[in-house]
Each structure stands twice: as C-alpha cells, then as structure tokens.
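Here is the structure we will look at, set down as structure tokens.
A, B, C, D, E and F label the chains in the order they appear, each numbered from 1.
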Amino acid sequence: MLRLAPSGFLRFSQANSFEVIYGGGESNVAVSLANYGIPTEFVTRIPNNDLGDCAIMEMRKRNVGINHIVRGGERLGIYFLETGAVARSSKVIYDRDHSGMATIKPGMIDWEKIFQDTTWFHWTGITPALSQGAADACLEAIQTANRMGITVSTDLNYRKNLWKYGKKPSEVMPELVAGCDIILGNEEDAEKHFDIHPEGVDVTQGHSVEAEAYTSVCQQLMAKFPRAKK
Amino acid sequence: MLRLAPSGFLRFSQANSFEVIYGGGESNVAVSLANYGIPTEFVTRIPNNDLGDCAIMEMRKRNVGINHIVRGGERLGIYFLETGAVARSSKVIYDRDHSGMATIKPGMIDWEKIFQDTTWFHWTGITPALSQGAADACLEAIQTANRMGITVSTDLNYRKNLWKYGKKPSEVMPELVAGCDIILGNEEDAEKHFDIHPEGVDVTQGHSVEAEAYTSVCQQLMAKFPRAKK
Amino acid sequence: MLRLAPSGFLRFSQANSFEVIYGGGESNVAVSLANYGIPTEFVTRIPNNDLGDCAIMEMRKRNVGINHIVRGGERLGIYFLETGAVARSSKVIYDRDHSGMATIKPGMIDWEKIFQDTTWFHWTGITPALSQGAADACLEAIQTANRMGITVSTDLNYRKNLWKYGKKPSEVMPELVAGCDIILGNEEDAEKHFDIHPEGVDVTQGHSVEAEAYTSVCQQLMAKFPRAKK
Amino acid sequence: MLRLAPSGFLRFSQANSFEVIYGGGESNVAVSLANYGIPTEFVTRIPNNDLGDCAIMEMRKRNVGINHIVRGGERLGIYFLETGAVARSSKVIYDRDHSGMATIKPGMIDWEKIFQDTTWFHWTGITPALSQGAADACLEAIQTANRMGITVSTDLNYRKNLWKYGKKPSEVMPELVAGCDIILGNEEDAEKHFDIHPEGVDVTQGHSVEAEAYTSVCQQLMAKFPRAKK
Amino acid sequence: MLRLAPSGFLRFSQANSFEVIYGGGESNVAVSLANYGIPTEFVTRIPNNDLGDCAIMEMRKRNVGINHIVRGGERLGIYFLETGAVARSSKVIYDRDHSGMATIKPGMIDWEKIFQDTTWFHWTGITPALSQGAADACLEAIQTANRMGITVSTDLNYRKNLWKYGKKPSEVMPELVAGCDIILGNEEDAEKHFDIHPEGVDVTQGHSVEAEAYTSVCQQLMAKFPRAKK
Amino acid sequence: MLRLAPSGFLRFSQANSFEVIYGGGESNVAVSLANYGIPTEFVTRIPNNDLGDCAIMEMRKRNVGINHIVRGGERLGIYFLETGAVARSSKVIYDRDHSGMATIKPGMIDWEKIFQDTTWFHWTGITPALSQGAADACLEAIQTANRMGITVSTDLNYRKNLWKYGKKPSEVMPELVAGCDIILGNEEDAEKHFDIHPEGVDVTQGHSVEAEAYTSVCQQLMAKFPRAKK
C-alpha cells in the first residue's frame, strides 16, 4: 500500500508535495521480523505497474521475501494521511477500493505451495475488511494452514472505515478466527468483531478494573475460539 | 484530478516524495480563460472528501467558477507522472477508474440550469474516454447546449490509454462531435476517432504536404460534421 | 500579509529557504468563518503586483470574499518569523511599513457600499497600530457601521512593536472602541490601550484572583464603552 | 539585498517556499575579487536587524571585507524573482524602497577614512537609481576618491524599473561619471544615461556594424568624460 | 559507495543539504543487468555499519544479488559531486581512501565459491586504481576465473585522480587485462594504461580518421592481449 | 568537521538527502564567544579542498577568526547522525579517521606565534582522543601556553567511541590536564580519564548526594591538578 502524507503538520490544502511511504500493517510486521533476522515471505497481490514495483522494491530492500507476491489488479491501494496537531485530529482518506488486494479471489494464490516451506502464517483483520474476495482468500489461507499443521496468528485490528462491502465483521471474522492458534487484540476488537464485552467487572473496585476487563475479554475469546486455548 | 510526480527527473523508485498538482486538460483551459478575465464555470463531479476540497480550492484560487461542481463518487482521479530524461521517456500511470467523473451518469448534472447563464460549452475527448456514463453525460450536455443555442466546442484529444471500457472511439465520438460548432484536433485525432485520413495528397510535391494533409483532414471533418461548417 | 519563516527550528542565518504563508490575524478570522460556512468579505488594501495577487488567491482559495479589496500601495507587508526552541525565543521582524494597508487613507474604501450587504463588521487593534491613515480609515469604517446599524466587534490585540508612528494606543483606541458592540481582549490589552487595571482585587483570597481581575477589567471596559454593554 | 525566489520554474502563485540568497550586483563583484584573493571592502548601509546580520554574514563567509558597512535604515532591500520558462518571461518585483541603502544620505559614510587604505573605488549605476540620497552619497564618494587620487571605476548598469524618485538618469549620471577613470557599459547604458547614440555608422557595410557602433559610442563617452581617456 | 551532491546546480558552499545516492560504476552495471532480468551477484567489501547496510539495501532493492558481499573495513567510500553549470565545470572530491574496498586484500573473498554458480565475471579499472590490495584482489579474481573457465570482461575506465598509491596504471593493468576475454575502452584508456597510440593513421584522409584511430588501437590491444582475440 | 544527518526523525535507510552542518564541540564554543563579541581564533587543521573551504567559510561567517588554521590532511572528518524518536535511540557513525586533525603532528602549528596575541587557550578531551599525533600536538600547545603565561582551560568531554588508537585516556589525559588552569567536566569524565570516584559520600543522606559526589570529585581533581587550584 502507498501512504501519501503532507510533511510535518501541514494540512492537505497547504501541501504541494506528499511524502511517499510504501507499507502497511502486515508489511510492518514482516519488516520487523526481517530486522530480527527471521526469514519471511510477504504474500499479497500487487498491480503490475511501476508503483507496484516500488512497493515490492521497498520490501526487498528491507529483506522481506517477495517470492510469493502475485501481480495483478488495477491499482495499488493508497491512503492519504494528514497528521493532526494540538486540537486538530489526524485525518485518513482511504483509497484502497479496487486495489490488487481488494479484488483478490480464492484460487489466485497457491497457499499449499507457499506453506510448504514455512511454519507460521500471520494475518490481520484489515484484509477481510477490504472485500468479500479478500475475506474468502483469507479463509482459504487459514484453512490450508490448519490442514497443513502450520501455526496461525492474527492481529484483530478493527478498522471501522474499512468495512464497507456489505458484511458486518461479526458475519465474517468468527469463521476466520476459529482457525487461529494465537489471537492478538483488545477490548474494542473483541466488541466490534464478536460482540464480546467484559463480564462480571465490579467497577467499584478501583484501579484494576481495566486489567480485569481485559482478562474477562480474553477468557471469552478463548472460550469462543478453543483452538487458541492450547 | 490529482497529479503526483517525483521532483525533477527522479524515477518513481528513487522518490520519497511526490509533487502535488490539482488540474487536468479541461481545468487548464478554464484557468487560462480566467487569467484572461473571462468568467468560467468548471462543471465536473468531485468526491466529497478533503482531496476533492483541495481540487476545488485550487480552481477557486485561480478564479475559476466552481458553483456547478457536483460532489460525489468514491475517489478523486489520480495520475502519476515520471518525467523522462535523455533516452528515457516519461511514464504516466493513470489511476482514474472509479473516480467521481468516471462514475458520472446522465441526470446527475442540471445542464439546463447551468447553460442559462452562459454562451459557450467546451468539452474534450478525454471525458467520453473515461466510461460509458461519462460519454452519456457528455452527450446529454451537448444536446442540451444545442437545444438552448449555446456554442459548443471540443478538443478531440485522443488518449489511447484511456479508452478501456469496451467501446471504440469511433462508436462514441461521431454522435458527440456532430453537435459541435468548433472542432479542435489534428490528423491523429481524426484518424483514431473517425478513421479520417488525408486524401489526394501528392507526396511528390514536397514541403507543403503536411499543410495539404491537414487541410484535407479538416475538409473531411467539416463534411462529416456540417454543424462545424457554419 | 506575507509571512516568511525558516523551516522547523532553523535560525535566519542557517536557512537558505523561507516558507511562504499569506495571512494575518484578521484573515485567519475570515478563513475560520468561511470554514464554518459563513459568508465573509475581507476588506483590505493590497498592492497591485504578483505578491498581492498571491495573497488574494489564498483568500479566494479559502472561500473568503475578496470583492471589496482595494488594490494599491507600494508593497505587501511582510513579517519574518524565526521559531524559537528550548531556551531560545522566537523572533519576529516586522517589515510592514509602506505596505498597502499602512498607507491607506480615509476615502479609499467605500464602506457604505460594502456594509449594504452585511450585518457585522470586525476589526482588530493591529490596524490602527500601523499608521495614522490606517487608524483614520478604521474610524471611518466604525462610524459608518454605527450609522448603518451594523454590529461592530473588535479584538483589541495589543502589539507593542507595531505602534511606531507617533501616537500612543491610549490616544487612538478609545474613540475606535467606543463604536463597538462587542469587545474581545485581556488584561494586557485593557492596560496598554486604556490604562485600565483590575480593581478591588484582594490578592490574599487565593485561586480566584485571576477570574476576579478579569471580571473587574471587563466591568471597567463596559463602563467606559457603554455601547458594548447592551 | 535579499533575493527571494520560488525554486526551479515555479510561479509565485505555486510556491510555498522561496529560496533565499543575499547578494546583488556590487556584492557579486566583491565576491569575485575576493575569490581571486584581492582584498575588498564592501561599503553599504544595512539595517540593524537579523536579516541585515545575515547579509553581512554572507559577505564575511565569502571573504569580503565588511569593516566599513554602516548599520542603519528601516529594512533590507528585497527583490522577488520568478524564473521564466519557455514562452513565459522571468518576473522581478523590486521591494527596495525605504531600505538602508535607499535612505542613505551624504555624511553617513566616512569616505576619507575608508579610502586611506585602498587604491580603487568601484560603483554601479544601480546606486544613484535608488534615491536622491543614494545619488548624493555616491557623488560624495567619487569626489572624495578623486581628491585622494584613488582610481574610480563604474559599471553604468541601466535599470529602467529603478529610476522612480523623480530625476532622470541624464540629470544625475553625467556628474557622477565625470569623476571616473574607467567606464564599463554598453550602447543601451550610453543612450539611456547620456543620450549618446552610435554616429557615422554606415549600415550598408555589413557585419562589422555592431563593432563600429560600439566603437563610436566609446569614443563619444571618452570625449564626454575626458578623465576616462587617460 | 556513497555519492553526496548538492541539489541542482548549487555549489558546495551554497548547499545545506546533500542528495544521497548509493552506487558506483560497477553497481550501475549490476543494476542494469538486473533490470534486464539477468541474475547478478555484486561482490565487494562494505563496512559493517548503518551506511554499509544502506548501500546493500539499495542493491537488494534493485534486485542485485548481495550474497557474496564481505562486510569489513573502517568506512564506506564517499565521493562528493558539485554539478557544473555554464562555464563552471563539475567538481568531484573523492573520499574513498581507507574504505572497505580500498583496504581489501587477497584471501578476503572466496572467489572459487562465488564462481561456482556463475558464467561471467566483470570488473573495471576503478578497482585496481584504489590500492595495491584492491589490485591484488582483482588479479586473484581474474586468475581464479580463468582457471575455472569463466568469461572475464573489463571496462578499462581510466580515472586519473584515483591512481594515488604509488603504482602507475602501466605497472598494474597489463597483468590484469591479460586474463580478460572482453575489453571495453577507448583511446584514452589504451594510452594511459598501456601506452598504446593509434598507428599509421593518415590524418590527411579526412573524416574517417577517428574510426581508423579507434580500429588501430583495438588491433594493438588485441595483439597485446591475445586472450581477447578469440 | 562535517555533520551529515537525515532530516527530522528519518532513519539512514529512509533518507535520500542529508542535512549539512559544519561544526563541532570546539567550534561551537568559538561561535558562542564570537556571538558575545569576544575575539577568537579557531586553530585546527583542515584539508585543502572545497569541503575544507566550506568549513572555514562557516566559521568566518560566524565571525570566528580563521587566521591560524593550517591547511592539510587528506580529508575532512565526518560524522553521520540519525536522530532517535520515542524508543529508538539516536545513532552516530564517526568517520573522522585520517582527517586533517586526526593526522596532525607536533610542529605543524606555530603555537608561539598564535599565543602572542591572546590571553586564553581552550581545548577539549575530543582532540587527544583522535590520535597520538593530535594528543601530542595538544600537549605541545598546552606547554607552550604555560610557558607564555596564557590561561589554559579544558572541557574534559569523554567520548568512548573516539579512543581507538591504542592509548587509554588515563595514559594521555593527566599530563595534558596538569597544564590547565580551569577544568570543566563531570563525574563520568573524572572516572574515565583519571579513575577518580566520589569519596566519603553517605548515600543514606538523601537528596544532596549528587551535589556531595560532585564536590568530592572536584576536590580530588583539584588535588591531582594543583594548577587548577589557584
């Protein structure tokens, strides 16, 4: 994904240049792993144009594996970021529809081949938020990983502005998360994706309420997704 | 439309910022007219987000009328420009699909109201190249202008890379150009849009061949589109 | 007015470029109102050169009315800003003398015509600080507004470095403020412009002293300028 | 003098930063001499503020002597430069009125003291174009130099846009140039300053007309200013 | 190697930033080959610090193999470039001494292992110009390549300013070039490295002298280095 | 010394330009003194190339005397700075070996001549950390200053990463500091250079421990270096 942002604290309407960064939530994880010396393959679908090449170059530069990236789709997803200052909040304009990843479909990626040489598959809640096809491809990957005995982890990562294709998170995420061995997330993720709320928290008890609430949410998540309990 | 370009002669893969310019073929005409002190209204469809606001601000800044711009559509059209140098040619990546203008439909713009206060309507061949809806809206405007007795001019402006929605220029342009009083264009435009080629040009005659060819093409255009003959 | 500033925390002597912003206290108010959708006209005198055009373009871009701006004067006022850091304070170099606004005179602006279509006139203490002519034109505007029944508001906005033309604020401001329905300001403004100090404040009373002082100053201002009492 | 210019070929209205250069015709000569290792003193009047300091720092950096610069005046002269491109010509906005140099008067500079340690005084036609005071100070310097037996050179350097204070060049320049031992200039300078035109040039003679014209102008200049004849 | 250059045509003394490019003559060849889809390995010695990492990242980004780069040496070679303009020529300041490559020694690189998987070795005259150790390592590579039957090519690339370690090119280059199958170069390279001059060229024959001279030099090179004759 | 740094908080691997600053610990002291109007001479050894010229220009610009700078050595010392952010610490890459100052030797600077016109000599612990030659030249300066009755001050300024030429600070610094009248430093400097630790500090006494420790260190320093006791 391509991030375009005015420099410093300039507003969109004040900028006559945008800073260019190729990246995203999942690729940041891949770069971090690569920085620690762990072999990674970043699996995605990127359009076959110069901007797609730039996104791939950035990952290759950072030592992230790009051998299983599928080239296709009309465009590279973009998001425009205006950094807030003082009382003015940051603004994000997503322009990711119709991107290579948003128009992915099951069958486009050969998960079996990819998983042959790995032990771990990580995905985030951003992918199934993009489109039905992306959610389906994600499910395909998780089920293949489960069948092949590969560890699956997820970062729930709820993003309100991305769920626009007609399905609610609660209709999509449970089936995906059911195949995960490790679940990362917080109270908001749990509420928005699974309608899970902290239970039995006595708010009159003081400071530890937050920790209690978090524990309650984790216990409910583990009850709902027993695979992650192991 | 938003133009994003690396500065100077940097390639996409060398840039960590893009220069930002809001504009396009038609808006350049409008700005030029405004610079000469001629009142203009720029009619288009622009998404209702901060980038759309920036595009409108740029036109207002340049004294172009923005009273009849319709807000709508998912995104602002983008094109990425890498300026060539020496033997390396320039590169353009169009990312205009699904833009406010590409998803326009007849009925979205109230041409009658707009034309009440004007004497001239100018359009270019870029618009009908974007989508069937844009071509239809263009036809709607031309026919309304004809009915209301307003002068119509066009810049044929053939762009090979833009005609991607299934129709050939020759299936779309003749009906549109038929309603024009003034036609701007060159031999390539005439050939690609109407299959008109220079006729009876004796290439053994020397230097004036190019002028003759141009005259021949003009005569054929005027014969084909008698309204422009007046 | 043109603001020129080294980027970030660079000092003047380290910068080889200055960031360019066209604006000022009054135009900031106008832009804010325009952002809230309120129709505004920014009335000022701006030289008839390209920099003047740029200042006007910026206001038009921001949807501020520029229909009553008078073009004239030798130059656009400039101020140079060096932003401080840690123990080093910010520096401002005013270069506003001889600007269009500093050389304005009564009669140059047709206030009656301007006020026909509005209900509110806002001015600040920066204008009468520039020159005798600016103070006179300001008084002319206030008196016309009073005669035509338009609400007048002022932001006292005392700026020590600007009062250089020979008059003290206390010789100029009372007559101007007497025509105001709404007065914005603080203790410093009241002291410097009208020699008004907090009265009867018992500083042994603790935390509320500041609020008491402010209330005392407001009461004295209202007593001195009964129009604002309504 | 401070030059402010948009970068590259940007227009004023497209720039949100200006490149900063401190310099001018005379200081360029001084820097060139300093680069060749020749001791120089740049004599001028510069305001006592941070921008004035920057101008002096630039000269000191370039090894130009700044020991005889007089600090004073309200402001540093500015000129804004927009570099042309293709058919669009460059634009200069002079904002030099009321500068330290424009408001100089005879007596402000101790020429006798300065000339004690030098053998050469160089001035240009830009200085007397700024104001009566600048012309008078220039005359004062030339006469002192003549009296003390120092070589005087001038670069006539006619600038139409600068002669705005009421005198014509032909009323001012002859007395100044009469004290010069070396005169640099071209046909335009001779015409505009002294109404000297090429004489006796037989334009039917072909290529050498330009050289003949130049020779004719030089001969007339030497006749008019016999000091330069030596 | 790290190239640092003021932007545009700024001189060193005007710049307060330098543009950063990691590259060099040999890596440019490698990037070009990679752009054509040809697998390459760039063999060099780069210091084990963040700048060395950056240089490697740039090559990996461009799809150049970095598997055989040896990490070591105190510093990354730098060259500072000031681009000339009009009559002012470009300036290069080499700061490459003591770099990883300048302090390389035979035995540091395992050429046998590297050449096992390749069919071609390319080197340039820049390497043996850096230091005795670099020349020795270059010879070691060429002899290993010859022994293993790998094609060897060289770009003679004479750089006067680099030969500073005490040997003349004519003492070093012949032995190196003797092992080459393909020699790229021009008349200057031939003269400076091998004292080869065009022979038997009849300068009275007109236009083809330059081609004749080049042919003469090539024939002498092939006679001197029979391996390249094949 | 030349400091090269990515702008803002960019990492080395994200930057395609470096900000350029010529300076260093000692030159900062000299600039500060010059800003207060105190005459200074900055004595150092700087290579005879354009970058060396730039370093000297920067000092001359800031009104620091450069009359006793010796030109020589291969290169200007460089340090690369990546500014940290949040949890990521800043990084410095020193590239100062083989610089003009690192390769200085006793006899290269004529201290007697320099000290004739001054009353004070200031040095820092950075210089003897660079090389044996720099330490020797430093000792030569201090002994000359002592002999001529000039006040000597030092800023101990321990920099772990710079002591790489084989000597420990404790082998070099005592002889140098013995000639100083004024010693600036802190507990770390005292420990690393002279193995001096706070003595007799009762850590059970609370807040004033730090002040006591500092006092103890100062007393030991004065005992060890009686010249500074005066």
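The rule is short, and it goes like this: contacts are C-beta pairs under 8 Å (C-beta built on N, C-alpha and C of every residue); 3 or more make two chains touch, one makes a residue touch a chain.
Values in this document were obtained by computation on a predicted structure and should not be read as measured data.
A.B. asks: Taking touch as defined above, what minimum step count separates chain A and chain D?
C.D. replies: Contact-graph shortest path, chain A to chain D, evaluates to 1.
A.B. asks: Using C-alpha centres only, name the chain that sits farthest from chain E.
C.D. replies: C
A.B. asks: Sort out for me whether A-E or C-E is joined by the greater number of C-beta contact pairs.
C.D. replies: More C-beta contacts join the chains of A-E.
A.B. asks: List the centre-to-centre spacing of chain D and chain F in whole Å, with centres computed as mean CA coordinates.
C.D. replies: 45
A.B. asks: With centres defined as the mean C-alpha position, give me the chain B-chain E separation in Å.
C.D. replies: 50
A.B. asks: Counting in whole Å, what is the centre-to-centre distance of chain A and chain B, each centre being its mean C-alpha position?
C.D. replies: 39
A.B. asks: In chain F, which residues are in touch with two or more of the other chains?
C.D. replies: 8, 13, 16, 57, 61
A.B. asks: Can you tell me which positions in chain C touch chain D when the two form their complex?
C.D. replies: Of all residues in chain C, those touching chain D are 4, 7, 12-13, 15-21, 49-51, 53-54, 57, 74-75, 78, 80, 82, 91, 93, 95, 97-98.
A.B. asks: What residues on chain E touch chain C, complex-wise?
C.D. replies: Per the stated touch rule, the residues are 14, 16.
A.B. asks: Quick one: in the complex, what on chain D touches chain F?
C.D. replies: Its residues touching chain F are 57-58, 60-63.
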